[in-house]
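There are two complexes below, and they share chain A, which is joined by chain B in the first and by chain C in the second.
Let's look at the complex of A and B:
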């Protein structure tokens, strides 16, 4: 999956971290992956695993001044995004790479009308358009994301919309400039299941139409299985496993992935029986163990695990894992 | 099995106050005519989406809210009629576990005090014995004894939920309302807490009312499941039955919308149009009819009766004009 020139985004050995009391704590450690044209790549993991930091780093949106891009490259269109000036980055952000966030209430401006917030994108990235054209584009976007009465909704404020509607507005803003990459950071986590189904459906359909690539970040393996082509499993800032979605669910290799899949209640399970679980808890960013960061909770851990972080091993075609059980 | 809880025609409306004179402009129908019974030792799961009234139902059962109408009978006493002073000593029989372990524990107190407080309030045991009790509670929920001197912020979400659980079982209650007990936790921690809850139920013969929006979690821990929509129970049946043979179109849509990995991808997804209407002005007739894919003329006019449609001895209740047709 790594060959050919249809790769649109390349993340190479990328690390990022946060400054706290004069010390830098690594939040994402040497991750690498490629995103192909039209691909939906899922990044899954629990809180603190670095999935959001990865997404924000691609957008160059880590908080200033505590966020630090430490090493590695993020290549888009033959350019390393980490080397761009803030002005150059601003031209890419919202235009060719766009992002939607988890909580649409906090991501939208509460004192600006919906229509205004969408046309703002055109003012920045498509300033040659006339006011009339911008308005027409805004209307057609609202229609496209399934908002009824777009003429009326344009003049409403975010608080007048439901959670699902707000997320649709966020998607409209993200899609305004027909981005080639859409980064979705837990876009349905705050929504109810029936509304979540609507939004996932919408993202799928819009992607089919436009052929854009999507990086979908979530903690919900069910959502991943429904939407994604390939999945990256992250744990404590590092990659654990990378595989096509069906392969990952059928044949999870990393003990963490396997444990995670086993611990989720399933319809096939007998009710009221004990669930398998991963003992212990995710280590905090300030005290990651040496070597493999999962080893303290891992049932397979042996000597090498304490020494070094396992390197990526290709176990079968496209299925890679960072674990000494498979060589490392 | 004997009945431990009987809820009859329970309603809880919240007034909406408007204007200078705070006149009542309308009422939120949070719980709207709900009746059911819970047997001793079973788990009744309650599922529904945001705003369906599941949390209000749980709190009204425990008399944290005074019901607008209807009765709640716990064992042989009608607790919804009891005066505050009469109710207080009785409260030790029914407890609650809250969703957010970050907000439901007092951050100013040590864990030791948080767990000792129920014994102090109910004037049980002397200091020495109370400390012993706290230690055994901590052990019971899988925490170290040194947790006593620590404060809630020193614990992770999963551990905090264990503290919340320890507090709820302190006085040997007979029934616990668990309101989204694992929703705020990470996936790998959820199963630890669910296991703990199931173990405690076995060991202490507890009855649970398990409220959650997560249908897979509810299925796993429940004996029976009730589905709520806009303040009403629209369907109630045995957990296996309701997931394999749902009757109400809302239940069907809810189950089909669960994102899950399935090798057999033959599940037909029903995607509901629109949003949940406001509980201030529920729609006419069946509350679900504006979003229902099979709504008929009668659904707009009359609220369907909550009836048993079971083909065997077990109960399978639903309110839908089209059920069984």
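Let's look at the complex of A and C:
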């Protein structure tokens, strides 16, 4: 299934990290995945597990000079994004790969009107359009993302809009050039649950319309189950498990995934049942344990776990796991 | 119609509510307008001449020789003489002179006295004359015009360079920042006035070359502030979002960062204007500024110190005007700063 024409983005053995006091600490370690056309891929994990670094790396937006792309390839349209010149990369960003950020409050420029900020994308990537056309496109975008009264909203400043509205504007900006890949980095974390549902519906609907692929980054398993086709579970910079969403929820293989799913409250629970949790803490990036990084919190840990990090094993079709329990 | 940002309207309203600054702003604007129309108010050329049924408007345009008005010379008409001639002849010809009928370059020597001459309403030397017999009011007005426009042009160029470099330092950081920091530190340690004095003792400065020298040595002032502000802004998420759109570095700086730090820049502008005027005056006072006979306050000041008791009118007029202009500029600066101060919007008890 991993071959064929419909794969749009291929991440192969990719590692990235940060320089600190002359040493490089890897935040993402040898992850590989393929994104198919029209697919929604969820990346889920705790804070600091490398999911945002993965997203920023695809855009090549790691902060310089501390951020380092260490090894591997990110292949889009037969070109390795990591080898492109900054100028070539600039033309891809916002045009064929777009991104939505977590904080709609701060990701909009506070002193520029909404309309101006949307039409800026056209100024960068579609400079042949006339001003009139840009304005028309901006209006239709605002309508498409469900903003009422777009003509008036265009002339307003970010502080005059609510959080949900702002996130809609961010989505409009990201979709302006009809990208083939949309990276959504926790787009609903800063919003309340009602607005969150609306935004998720909106993304789903827009995806159906345009057929783009979405990489959806979140720590919320509920959101994943609603939205995604396939899921990658990450832990401490490494891939733990990769599976179609139903399979993952029905049959979690990796002890970490199982632990995560166990810690969600269920309807059958009696009142005042103590919620299950995974014992211990996520190790800090500077002192990951040798071998499997989950081993000090894992209930199944046995000898091989201390030696090496387990390699990816295909347990059933499309379901892959990095754990010695299943062979490694 | 242009829609103005409600925040800008708010700032403008607050600026208006600070009476000192608001009225200073109006008065200074009126002064600048008056100085722009200086030729109509203070000039040796007449406003209107009627001669044998024809009207002449000699204020702007080329000179009209004395022959045209029936006088016996080919050089430019002396309109004050012409007025006397017409009045004596009584033929219906007349001359209307500006309120102060002298230009800043002409020297008037009287037979029975030596300049400087004290103020006299009869001679229309309302502020007297300087040591070569030039009208003080005329020199004051044209000197103001030169000083204020010198200062404004200086400001534009210094800020254009300083803000651009400061922004790039703050945004790019790293080696670019380091190199320019060192350059600026070296530049800062060159005593500004001495450097200009040395340069202008080698070349005799014109308006443009003096401007060039002062821009060359003066752009560093704003750089530090802009650098720091940019440093803070570039960490904000909208900059990352703009990069995710594919915006280039220069676009991010020009379109995203500068509008966000503009209030810092605006706050400094009035003080830089005052600084420009004082610097030019100081150089002129020392004789290293604009070459004489260009009308200038500094040159008037140096005459004032030469004739301090004998001709107090020179010192009195130039010092009064200088204090007035600099105070007004400072008031404007204060009001601008206060109207941009966000603390006024939110207070905690």
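Keep in mind that, in the parts below, the second predicted complex is superposed on the first by the 327 of 328 C-alpha atoms of A that agree within 3 Å, B and C clash if a C-alpha of one lies under 4 Å from a C-alpha of the other, contacts with A are read in each partner's own complex, and residues count from 1 in each chain.
The rule is simple: a contact is a pair of C-beta atoms (placed from the backbone, for glycine too) under 8 Å apart; a residue touches a chain by one contact, two chains touch by 3 or more.
Please read these numbers as outputs of a predicted model, since none were measured by experiment.
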Margin query: Once chain A of both complexes is superposed, is A:165 in touch with chain B (first), chain C (second), both, or neither?
Written below: first
Next item on the list: Scan A:194 for contacts with chain B and chain C and give back first, second, both or neither.
Entry: first
Next item on the list: Applying the touch criterion given at the start, work out whether A:47 contacts chain B, chain C, both or neither, answering first, second, both or neither.
Entry: first
Margin query: Quick check on the superposed pair: does A:271 touch chain B, chain C, both, or neither? Answer first, second, both or neither.
Written below: first
Notebook entry, point to check: For A:98, is the partner it touches chain B (first), chain C (second), both, or none of the two (neither)?
Noted result: second
Next item on the list: Would you pull the chain A residues touching chain C in the complex into a rising list?
Entry: 59, 61, 65, 90-95, 98-99, 101, 103, 106-112, 120-121, 124-125, 155, 157, 170, 173
Notebook entry, point to check: Mind pulling up the chain A residues that touch chain B in the complex?
Noted result: 46-47, 162-165, 192-198, 200-201, 219-223, 225-226, 249-250, 259-260, 263-267, 269, 271-272, 274-279, 281-282
Next item on the list: Spell out the part of chain B that touches chain A in their complex, as residue ranges.
Entry: 43, 49-50, 156, 158-159, 186-192, 194-195, 198-199, 213, 215-217, 219-223, 239-240, 243, 253-254, 257-263, 269, 271-272, 275-276
Check: Okay, in this complex, where on chain C does chain A touch?
Finding: 3, 5, 7, 174, 236-238, 240-248, 251, 255-256, 259-260
